[in-house]
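Following this line, the structures themselves.
First chain A sits with chain B, and in the next complex the same chain sits with chain C.
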Partner chain A sequence: MKAKRIWILWLVVLLAIPAVSRAQSKDHIQLTSKAEVEQEAFNAEGKKEINRVPAAKVVPGSEVIFTTTYVNTSKEKAEKAVITNPLPEHMVYKENSVQGKGTQITFSIDNGKSFNIPAKLFVFDAAGRKFPARPQDYTHIRWELQTPLQPGAAGEVSFRAILK
Partner chain B sequence: MKTQRTDRIRTVRWLSTALLFAAILAMVFPAGAWALGTASGTSINNQATISYNVGTIPQSPIASDGDGNFGNGPEFTTFVVDNLVDLNVSTLGIATGPVAVTPGAVQQVIAFQVDNEGNTVQDFILSAIGQANGSGPYALPYGAPDNSLNDDFDSSSPVRLFVDDLGQAPTTGYTPGTWGGVGTETEVGYIDELAADNSITVYIVIDVALTQTDGQVAIYGMQAQVAQGGGAGQGAAIANDDSSSADTAGVDIVFGDAVGVDDPDQTDPDGYHSSRGAYRVGSAALTVAKVSVVQWDPVNLGANPKAIPHARVRYTITITNGGSVDADNIVLTDAIPANTWFYVGSVTGGAAAYSNDGGGTYTYGPSGGAYGEDQAVTNVQATVGTVAAGANVDVTFEVIIQ
Partner chain C sequence: MFRLKEAKKLNGHTPIFCMALIACLMVSWASTAWALGTSAGTSITNTATVVYTLGSSPALHTSSTSDVFDVLEIIDVTVTWQDSADVPVNTPHTDAVLTFQIVNLGNGPEDFRLMTNEALGGDNFDPAVQTLWQESNTILGLQTSGATPDTQYMGGGIALNADEAVTVYVLSDIPAALADTDTGHVQLTVEALTPGAAGAAAGTELPGAGVGGNAMVGTTNADGDGQGTYVVSAPVVTLTKSILQIVDPYGGNQPYTSAQITYRILVDVGGSGTAEGLVVTDAIPANTTYLPGSLTLDTLPQTDADDVPVDNSDFNVTNANAVTVNIGDTVAPATRAIEFSVTIN
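Moving on, here comes the complex of A and B:
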């Protein structure tokens, strides 16, 4: 009896200790996110080319490319992986700019409560009339990987958004 | 037992991560309207989260890393919104064409509106851009044919710049040539602290010399240059932006303005914008012509009369106003020619007055003599009043040849 009580006490103490480790290296997946803009430049032959550089000189109207890279750094395969990205404040999703090989892509217009394909997203005006949701209504983007992510495998998903 | 404890620890970790995620969401989506033109200095933060299973067991969701260092935990991918410089200057009241002025008029006003279309509060330095007399033509924002005019004259005193105190643009129905702003106007050469998405009325003020003639045009452009905002007094002009240098962690400046007609750089954004206006002199232009026709002589009477002694001759003075403005308060005076006498009662075309002292005073009252003449009259005066623009008026009087 005493031993059981002590065990419960330990459990309570353990529960009271806040989560300690947040070191990514202990997790199965390394997730990185970057923000870039496109820059025009002239290459060595004098031809115009477009490069991606870290987001810089971003002013209202600028287009930013957000790319999230995922790598399975563990020895086990990761299944049913789902990446969710809230649209950053002040940025509007650029229609048809989302990319993600091997994923099913859905959007949320209700702050992440539900997700669906654009064709099935609707908003209502004050009079209760139904309209297809527009890019500025999107609050989140979600990519659901269609196959398990094997150990060592990697991929990336991205979208573009415009600064208000 | 061990499995149970491991489960509980895992649950606690998941809960705390979920709470963190919820807190992140709350920071990213505060309540309230989103304004146009995100202010410079705003941090834009992005973070993705991945949830997954190992086997059938859900793992702790992982938030994306933004600084390339996995050892210090996940953080937002972030960048700072830079300072977009975009301004617009437009001329007010262009529907009615150039501002009409009269020779000798002072404090004649052209009003312009300056808009801060960037995302940061700025000062703007103002300049009036004049043109060389006799040069042109210059493009103007008025309807044809006033959209292209030569420049004929300059202000007769240094051009002055004024800014509306309350910092607002006139709302509707601006009357050209007037102060149309909302507040009072201060004579100052710069706009102080114009917030993003705000407008202000500014003015060019000139004096017009009395020697300017009908139809002459003076062209002036209002040019504004962006300057540092956020402080008292006039901020330093911003001559260059940071487009050609690498992005810094702080707020960089990006010129995004359109090319204005009197901007220094006529190709690329340069932190300037400008718009032109014009003054046009409207004046009366009087010409006077005088003819004489013999009306009667004692021998031929009214049939082909000749200019013999005691014949009566009519002088017709035609005053023509070839200008674009009515001429008011016209008073015509004329001397009775030598060797003639004034024929009493013959003045037409205006209220008559007579002088018998060579034109010094016009208080004399004539009376008829043997030939209907008053030999004492030396000058006649007719108060014509107004001769309208483009019109003419005849004044006549008759004399008897001595």
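Moving on, here comes the complex of A and C:
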């Protein structure tokens, strides 16, 4: 009876190992996303400084900084990496706030179906007149990494948005 | 939000689609205009996704990450006086109505307390506030009685959801013996009932006072006030009676027996505002007899019978042995002339 139990236990462990290793190996690029707000504070020298703290006291009109960190945890280089971030619900993109070193940045105004640079994004009013898209028209932001991401290499992209 | 694709379709010739789109847009505009802020307690989630190929493997790989935070409650309120101009009142006047609107500008439900102040500078008199009413039926304006009257504010708080507005009526008594065009101000003050909120500096955080967490005082300091004004617009009605002419039986103008006297009553409505339901009654002088069919208003003949709608005048019907002329609502300034004749007995 006891021996049978141990066998079953072993079976469970053996089955579980490949499942765990598969899960770990799946994300070769690991992403970490954080939402922060800026807070004024006085440092030890009594000087005013702006600190970033995790988003907690967010009210309509507040500006939130969304930062996504990426790191290649695999032993191979990652190519054609494209990071896409839909604007969170209830939030409006803050103009000119997007950052991403070594990436080409484009925006979508059609829920991610197509992407382009701001100068080439247009909307139309009820009379069919064409207007440049405004930040509140943006639905997605996309960063295309311009060079392959070497094993162990990391970087970050970010944007700011305002709570409606 | 206006989508590129939809806009292109709009240029096509599908009227039903266009109408539907326009209807959707109207709804979305209306809701955008009203929804002032994201509701307190709403969870905001940001998710980023990366797609890539790995080394020799051409297969696409994907991974993503999310971060979540909740929207804090903010407490904000505003009060605005709604009457388009100073509210005209008589002197004295009972329960003259000022109309205000209170809007919960915050993003969570909040109770608000109302207060009034009549002792303000810059006016000529202090109205005496009697009651406050909250618009609560679907009938435009204030109803204090009837099957579904509006709700009288009896203290405590008025509960408003985020972005919700309510109309509040302030009823005041106006003193007697004021001069025409005198003004009196009433201030309506509204305070959020969350302890510590009203009057606190913007950004003050109130632990545990919000929806699912803390609340924060907004730029209105969680209170607000609006000022409304009454203006005395009292019509002053002056009657001047004179003898227009006397015609005696001998061809002269002496008040002999059987002489005919024509009277003129000038009705002058001065001041400002409206003299409502103006009725002039004049008894026929003793020892004279009314000359049938002699009554005129602004030289227009009036019948002696009480025969609305032919005219609103009569003799010896509404009032015994007297002429009665119902002039009705009269906006100042105005002058009306009534004439009639009698014979000396």
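The rule is simple: the second predicted complex is superposed on the first by the 138 of 164 C-alpha atoms of A that agree within 3 Å, B and C clash if a C-alpha of one lies under 4 Å from a C-alpha of the other, contacts with A are read in each partner's own complex, and residues count from 1 in each chain.
Simple rule for what comes next: contacts are C-beta pairs under 8 Å (C-beta built on N, C-alpha and C of every residue); 3 or more make two chains touch, one makes a residue touch a chain.
Given the structure is predicted, the values throughout are model-derived calculations rather than measurements.
Student: Following superposition onto chain A, is the placement of chain B relative to chain C best described as a clash or a fit?
Tutor: clash
Student: Look at A:Lys48 in the shared chain and tell me whether it touches chain B only, chain C only, both, or neither; answer first, second, both or neither.
Tutor: After superposition on chain A, A:Lys48 lies in contact with neither partner.
Student: Answer with first, second, both or neither: which of chain B and chain C does A:Gly112 touch in the superposed model?
Tutor: After superposition on chain A, A:Gly112 lies in contact with chain B alone.
Student: Figure out whether A:Leu149 sits in contact with chain B (first) or chain C (second), or with both, or with neither.
Tutor: Both: A:Leu149 reaches chain B and chain C.
Student: Which region of chain C runs into chain B, 3-11, 129-137 or 309-317, after the two models are superposed?
Tutor: The overlap with chain B comes from chain C residues 129-137.
Student: Pick out the shared contact residues on chain A: the ones touching chain B in one complex and chain C in the other.
Tutor: Shared contact residues on chain A (touching chain B in one complex, chain C in the other): 27-35, 54-61, 64, 66, 68, 70, 74, 76-86, 88-91, 111, 139, 149, 157, 163-164.
Student: List the residues on chain A that touch chain B in their complex, please.
Tutor: 7, 11, 14-15, 18-19, 22-25, 27-35, 54-61, 64, 66, 68, 70, 74, 76-86, 88-91, 111-112, 139, 149, 157, 163-164
Student: Can you list the residues on chain A that touch chain C in the complex?
Tutor: Result: residues 26-35, 54-61, 64, 66, 68, 70, 74, 76-86, 88-91, 109-111, 113-114, 121-126, 128, 136-137, 139, 149, 157, 163-164 of chain A touch chain C.
Student: Spell out the part of chain C that touches chain A in their complex, as residue ranges.
Tutor: Residues 1-5, 7-8, 10-11, 22, 25, 35-38, 42, 44-57, 61, 63-74, 107, 205, 214, 216, 218.
Student: Could you please specify the touching residues of chain B with respect to chain A in the complex?
Tutor: 1, 5, 8-9, 12-13, 16-17, 24-25, 28-30, 34-38, 40, 42, 44-55, 59-60, 62-66, 68, 70-71, 73-74, 77-84, 118-119, 242-243, 246-247, 252, 254, 256
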